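As structure tokens, the structure follows; a few thoughts come after it.
A, B, C and D label the chains in the order they appear, each numbered from 1.
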Amino acid sequence: MLFDSPSTFGRAFRILSFGESHGPAVGVVIDGVKPGLPFDLAAIQQELDRRRPGQSDLVTPRREADRVQVLSGVFEGRTTGHPIALVVFNENQRSTDYQAIADLFRPGHADLTYQRKYGLRDPRGGGRSSGRETLARVAAGAWAKQQLAALGVTVRGFNREIAGIPCSKVDWAFVEANPLRVADPAAFDAQRAAVEAARAEGDSVGGVCEVWLEGLPVGLGDPAFGKLDALLAAACMSIGAVKGVELGAGFGSARRRGSENNDPLGPGGPLKNDAGGTLGGISTGAPVVVRLAVKPTSSIARVQQTIDRDGRTAEISTRGRHDPCIAPRIVPVAEAMCALVVYDAWLTQQALREGSLAEAPEWDWEAVEALLRAKL
Amino acid sequence: MLFDSPSTFGRAFRILSFGESHGPAVGVVIDGVKPGLPFDLAAIQQELDRRRPGQSDLVTPRREADRVQVLSGVFEGRTTGHPIALVVFNENQRSTDYQAIADLFRPGHADLTYQRKYGLRDPRGGGRSSGRETLARVAAGAWAKQQLAALGVTVRGFNREIAGIPCSKVDWAFVEANPLRVADPAAFDAQRAAVEAARAEGDSVGGVCEVWLEGLPVGLGDPAFGKLDALLAAACMSIGAVKGVELGAGFGSARRRGSENNDPLGPGGPLKNDAGGTLGGISTGAPVVVRLAVKPTSSIARVQQTIDRDGRTAEISTRGRHDPCIAPRIVPVAEAMCALVVYDAWLTQQALREGSLAEAPEWDWEAVEALLRAKL
Amino acid sequence: MLFDSPSTFGRAFRILSFGESHGPAVGVVIDGVKPGLPFDLAAIQQELDRRRPGQSDLVTPRREADRVQVLSGVFEGRTTGHPIALVVFNENQRSTDYQAIADLFRPGHADLTYQRKYGLRDPRGGGRSSGRETLARVAAGAWAKQQLAALGVTVRGFNREIAGIPCSKVDWAFVEANPLRVADPAAFDAQRAAVEAARAEGDSVGGVCEVWLEGLPVGLGDPAFGKLDALLAAACMSIGAVKGVELGAGFGSARRRGSENNDPLGPGGPLKNDAGGTLGGISTGAPVVVRLAVKPTSSIARVQQTIDRDGRTAEISTRGRHDPCIAPRIVPVAEAMCALVVYDAWLTQQALREGSLAEAPEWDWEAVEALLRAKL
Amino acid sequence: MLFDSPSTFGRAFRILSFGESHGPAVGVVIDGVKPGLPFDLAAIQQELDRRRPGQSDLVTPRREADRVQVLSGVFEGRTTGHPIALVVFNENQRSTDYQAIADLFRPGHADLTYQRKYGLRDPRGGGRSSGRETLARVAAGAWAKQQLAALGVTVRGFNREIAGIPCSKVDWAFVEANPLRVADPAAFDAQRAAVEAARAEGDSVGGVCEVWLEGLPVGLGDPAFGKLDALLAAACMSIGAVKGVELGAGFGSARRRGSENNDPLGPGGPLKNDAGGTLGGISTGAPVVVRLAVKPTSSIARVQQTIDRDGRTAEISTRGRHDPCIAPRIVPVAEAMCALVVYDAWLTQQALREGSLAEAPEWDWEAVEALLRAKL
């Protein structure tokens, strides 16, 4: 496109996200849908529920039903091959929470930049910059995850760190059973205590989210600007709270020697996976491992220095119901964005290659885990 | 989305890169060029020379003239408003260097994935995955840098780390005066020694490259998927050797509290710049600061385990002329990619906004530097 | 885009259309909207009303309210600069009309091709191929027309021919005052009689729709594939019933000599307008004149030969409430599509040109009309 | 949308055209190429030769070798799957021909609009608006035609009319054997005489070019804006001399009744082909038949009224070596553009559909021809 819209993501599999936090609705149009596939709205709702506020006492107590509706593209439970429009109408906005701060620019938020860029902003909340926009991503990502599952690809995430406290092992069964979506039961108590301490002090903490894409065939992704690394980086860095992305050993690889960093190759594929599942931007068949730096929630009760719309110095304390750590709710969003990238890469590959892709090699998951653990 | 074809980058300002390392030529078509602008081919050549191999004894001794030619879009020294095609013909290939390893997949390279994805690969070298493809980026980025300079925006980079040894200060005058493009004279000797030690042992080291974009107006970048953060991440992660990207405090912010991480706002803009120059993905007027994790060069003389094209176990030692550390030559590439993103954001903004963007606030560069230093 | 969706139209100003005739809703997301502009929903509704069925006894008696709702992108009556989602919920479907023919492929409709392409189709009606999809175009086009009006550009259409009977003059006041949207009161009675005769015989007739875009500056449109001619042709030929498009003298120019066909140039612009307002695909400042061949409505009561889904020979007679001539309802759709193209060209130009475009010359409308008349 | 940059065409299969008539070269980058396919440069050269000037005494006597070179994307005679850059260097420009008219705007040419849009133009000729730009299209189209041929699809064209004199039959063997590329030996003498008469009087004539795409499967093309009709219309109207496009009966259908215009359906497909091979914008398996209105060559020796760059009235007579009728050289360009559309539709379909498309029905070519003849 001469320009592509900032509300659009993807190539062969594309989504268009629309809606504001305090407007009538948030929605997404999913495009590039194959016809005749079963459409499981409940599975989409389930992913939205994972992202929803109010899931535990460690996240915001706001409760929003976030019921998703289908406007198009589905007939008698099957996709028609045409755009699927999904909408979530906004309900529980309690915009009075925001009244006191309508004229102040919240530090860490987009208030300042939206006002300057657009000449206006919705004083009731983040508007288009709100985290509610990620509803669109999770809904579309849920569809992508379903399609990938049918192809043998699983996408799942967890928090590798909370408040600087790392997980030393990955217990997948534990991840969805704890409110922080961390993976190591041994680290959970300390992580929880850190979040609670921050909340008690009107403050917030950050985390590092990690997503694994397993079961990919060899050959997804493209050269040059279409590297899987680049697509995943764009996908993840487009999430509001994310300020860094790395694949595999990531920044750690910058501090190593080549003889240590290179993954030797065996008949079944790479013998370790510091590259994070790609070589030259194309999938090797090893798990693609992405890590996202999630900043501490910008909305905090502590007093901060700021300015008002007229540029006058002021103090601000954000009193609404906010998450002391947003990382647990970022996990389903990160999974969704990664799923969008990989399903898109699959369709793209389908267009440009006659034969089928090489099968993924058998992979020794325990060894991978050991390697990943060693990397921390 | 920023890309469509994997060889294309940008929206309003677009480039198409083509060519392989051992084919006839590498080139780029620059699209979205305003008419009537002076076209300075020497300035483009100068940037290519910064990227060229053979600049010092710390990089590969291969010498390639890499002379750029104009095929279209320029008339009597001015742009016509039509696509500018630039071509560099390949000269010094010494493809015999590669003969011994034509049947082996080099660890850390795209040999394996290209063979599996495409069913064929150029055994003389990296082909499309070669670092020579970055010629296209640097040539186009040189044009973008010229346009940005005319708008008051400067783009410059350096290596923040080499082999894990950090620069504690940024001395811009030193950057282009040393072969590693590091910024701290006090750290240079140790960094150089680390590179030389690796080379002596047939090994390689990595680094962390940092790019500063200064003088941006408030308001560049877009919401949702068009965040400047996302575009820069895609741009930088599309460079072959890069495995991680962060803005501002990046991964460091994940280990902080919100009260520490948020940048308080003053009448002139953010009072510190841990956000790295964006809020909600849109420029604040503060410098945009991007860091890239550059892995150690994959081609090393040390023996590594690998497989051949038939999947049989083998050993490989890459004997060609290679850089013991690629980070110095990544600096101009990273600058180019960042320049492409920001100039594109500028043109995009020009289409969608009637008025001019808010002026960038005056910025206290010394304070910024102190803050950035403190962050390490 | 690697692929762009068939449901998307435009570059800097883009729309995404979704929805089926018998699904929950038809809608459009308008993207590339400048912020802070007054948003006039009534004006959009007014254009939808022009397209609505049931406006006279010469079109289908189906009555649909087609009330448009805003889901996003508007705050306190002004655009926010973010995507505007508009939705029309479907009401009066009377799908029982279609029951008898659910298993038959209607000649002239997309039933056959949808079934073969997608493996399924909505048997209750056209689904995505239905004329109801044009609701999305007219709603978005209404916005584009408002923006163009503010820039001094008007977009208006009429039917140049009905059932082969031409209009010899253009009386704009008459166009919206008659149910066929023809422009020549002297031809109306014969045109009306032709439509009524066809209806009485269970048959239908076609027409030629003509759109004028007046007040364009010199310089909109682009070389090569971006010619205004090409964009307008794509826009108009994407309307279901349209099988031909021409600019200016169009097919007539193919039968002339160059000395007759070329428009001489005077200080104020072209001295006649057989080129239809473009030279080299770029606007000359003269009115852009587009003509569309509208085929006779495919749904007719007369018996036609066809096949059923199993390929068996059958007869079909479409008994639903259909327009004996669809051309009157095509006029607002054609205007909308032309408006989308030109407003998009305007925004595109704004991105790529610093200065303002050359002003349109004063134009002698009577002479133009005389020339156009002579052309028939 | 089919385009983004005005120099780019296509979605999954994309081309980027660059170059000016009097610059160093004209070229094209072909993107979306499958790997491992045999690359037949001679077949591309052959198509360029069909388009070349100087083929007979009925076209311009300018002789240009127009030798095409490969810069990338091919290795040992096979495609690598990466962009193929093709270049033709400009040779015989004789720009002195143009010196006398450098300050005058040629009627029918883009001189006026380029000067106003860009603020500058190449006074030596058409620059980017020159017919030489079609070299890029023909080269890329030649590749698309080869791929389509392997899929059983043939693309071939002829002139249905010259100077208003129609061909009443289609004798394919005659088409490439006569300099006007007309299809009816019985009409040739009159057509030739018309061209020669125009040339003798320093004038020019137009024509109607017709392209047949045969062997398409059912199901290519998409709903809404992606209709095959729309894509073909854009493709053909982007050719400089083309001012109208129609499919099948085209404008003729606007003057018929539905009972006559609808194509009845039989078990093998449509029983006639007035729709021109599509229903709802999607291929029916019947031949796709496109007609293009080609205006008379704008460059004529006869004196015309015009203005100079300062807006002063002047007279102009274009004395260069020009074609008295450009339609014969438009045929290969039109074939190329249609081939690009259909091959792109094929790849797009491959991405979004699992199964293979329905096979094209057996088709009675003689009956088709009879129908087409009856339509004139």
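We take it that a contact is a pair of C-beta atoms (placed from the backbone, for glycine too) under 8 Å apart; a residue touches a chain by one contact, two chains touch by 3 or more.
Chains and their UniProt names: A, B, C, D = Chorismate synthase.
Small disclaimer: the values here were computed from a predicted structure and weren't measured.
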| item | value |
| --- | --- |
| Most distant chain from chain A, judged by the mean position of its C-alpha atoms | D |
| Winner on C-beta contact pairs when B-C is weighed against B-D | B-D |
| CA centroid of chain A to CA centroid of chain B, Å | 25 |
| Inter-centroid spacing, chain D versus chain B (mean Cα positions, whole Å) | 41 |
| For chain B paired with chain C, centre-to-centre distance based on mean C-alpha positions, whole Å | 46 |
| Multi-chain contact sites of chain B, meaning residues that touch two or more partners | 1, 3-8, 12, 17, 32, 35, 81-82, 117, 119, 128, 223, 348, 351, 353 |
| Touching residues (chain side chain A, partner chain C) in the complex | 1-5, 7-8, 11-12, 14, 16-20, 23-27, 29, 31-32, 35-36, 69-75, 78, 80-85, 87, 117-122, 127-128, 348, 351 |
| Partner chain A, residues of chain D touching it in the complex | 1, 3-6, 12, 32, 34-35, 81-82, 223, 347-348, 350-354 |
| Residues on chain B engaged by chain A in the complex (per definition of touch) | 1-9, 11-12, 17, 32, 105, 107-114, 116-117, 119, 126, 128-129, 133, 161, 163-164, 198, 203-208, 218-219, 222-227, 229-238, 240, 242-259, 261-267, 271, 275-276, 278-284, 293-300, 302, 304-307, 311-313, 348-349, 351, 353, 355, 357-358 |
